[in-house]
Amino acid sequence: MARVDLVYFAWVRERIGKAEETLELPESVVTAGELLAYLKTLGEEYETALEHENVIRVAINQEHVDHHEPIAGAREIALFPPMTGG
Amino acid sequence: MARVDLVYFAWVRERIGKAEETLELPESVVTAGELLAYLKTLGEEYETALEHENVIRVAINQEHVDHHEPIAGAREIALFPPMTGG
Amino acid sequence: MAVRIQRQDFDLAAEVRALSQGRHDIGAVVTFSGLCRDEAGTLSALELEHYPGMAEAQITRICEEAVGRFGLQAVSAIHRYGEILPGENIVLVVTASPHRQAAFDGASFIMDFLKTSAPFWKKEHGADGSAGGWVSAKDEDDSARDRWSKD
Amino acid sequence: MAVRIQRQDFDLAAEVRALSQGRHDIGAVVTFSGLCRDEAGTLSALELEHYPGMAEAQITRICEEAVGRFGLQAVSAIHRYGEILPGENIVLVVTASPHRQAAFDGASFIMDFLKTSAPFWKKEHGADGSAGGWVSAKDEDDSARDRWSKD
């Protein structure tokens, strides 16, 4: 089991209903994509928030990563919708 | 004979040795290019200033014109080198 | 290079001065200000959420890339967060270079990447008191970013 | 649209304010400042000669063309003349539009045409007291202008 801080932003945060949490992840969760799939098993709010997986952006330790990237060594993983800054 | 105000700028002005003058032009001078050729007959300073005719820019009544444009109706004709503003 | 994420407004003239004052080697300074727009009069405010830490880090990466790519002499980027009213500033980018094209391209490049890869999200609050929705990302912003891809 | 030819320096912030204050329909403001550059330390001053009347008329024509072509909401252009020291401002262009690309393109277009078709000429005076020479027009400025030609 790996312990990781998760942070959520914008409508991902609103739909999950919290801005951050710390989770113990099973070792079967290797990639960012697998993390999304795992979170969706945790309850309806996660399922709603992460329904369209392909639009969810992932950052590990504050750097963007693709969904196929391994999350090993992550202290902080952020999930959020496409950015709309500027 | 047509009476016209001529104004000169930058090194055209320096080489001709004056900033402006009023001239009576013979009726044989029809285009801007013919004006340049006529001016070169007026003295060595004009010949030096207008030596490379193709780089000399011409404006009639404060609008750029090509050398083949007729100068009929001109109140003010300006001659100057390529511009270097901005 | 100066990158700042802040709640308060910025002072355009002070930022340009900070970057160019006392230097004789700068030929061109370009500034881009992005403002909160509300043509229809239906918006009471934008709420800008951001990811603290990553926002600074990401904008710094974008600016460093622009400095190297366009040979910029100096760059400043300021992005606001929190509540922003119609007509107010959201973002400022300032670039300096010896010649004009690099300053224009650098500022344009930074804005294109800032739109699509800096962790900020805009929520609209309606003038009628409605809760408002999250602004969607635009395909045209992805296209604007992608035109900078090297072959 | 504001076009001014003046001896004195300009106030960047005041020009931007004049153009955007009190409006809620502007999304992007781009400014370009062109400065007197002297990397080598060999210049004491630039002397800018201009053709009064035609300078205003020509810059006005360029700005009007840019407004129509890029759908700009507002434009200001200020060009200085007379003696200009290294590090000082020479020219300012400010453009406003709903979206960023038009504001960038408008300012870049105006600068490219201003360089090649506004009646200004620069003479350099050397730091060693030498009389200096007239700055030559650059082929690259013609090329920069020509990229805006429509087919």
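Going in written order, the chains are labelled A, B, C and D, and every chain counts its residues from 1.
As a working rule, a residue touches a chain if its C-beta (ideal position, glycine included) is under 8 Å from a C-beta of that chain, and two chains touch if they have at least 3 such contacts.
What you are looking at is a predicted structure, and each value in this text was computed from that prediction instead of being measured.
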{"item": "Minimum number of chain-to-chain contact steps, chain B to chain C", "value": "2"}
{"item": "Chain whose Cα centroid lies at the greatest distance from that of chain D", "value": "A"}
{"item": "Euclidean distance of C-alpha centroids - chain A vs chain B, Å", "value": "73"}
{"item": "Between chain B and chain D, centroid-to-centroid distance (C-alpha), Å", "value": "26"}
{"item": "Euclidean distance of C-alpha centroids - chain A vs chain D, Å", "value": "49"}
{"item": "Averaged-CA centre spacing for the pair chain D and chain C, given as whole angstrom", "value": "23"}
{"item": "Sites on chain A at which at least two other chains make contact", "value": "86"}
{"item": "Multi-chain contact residues (two or more partners), chain C", "value": "34, 100, 111"}
{"item": "Pairwise chain contacts under the document criterion", "value": "A-C, B-D, C-D"}
{"item": "Residue ranges of chain D in contact with chain B within the complex", "value": "34, 48-51, 53-54, 57-58, 79, 90-91, 111, 114-123, 134-137"}
{"item": "Contacting residues of chain B [partner chain D, same complex]", "value": "7, 9-11, 59, 62-64, 78, 80-86"}
{"item": "For the chain C and chain D complex, residues of the former touching the latter", "value": "11-13, 16, 20, 22-39, 41, 86-87, 98, 100-101, 103-104, 107-108, 111, 144"}
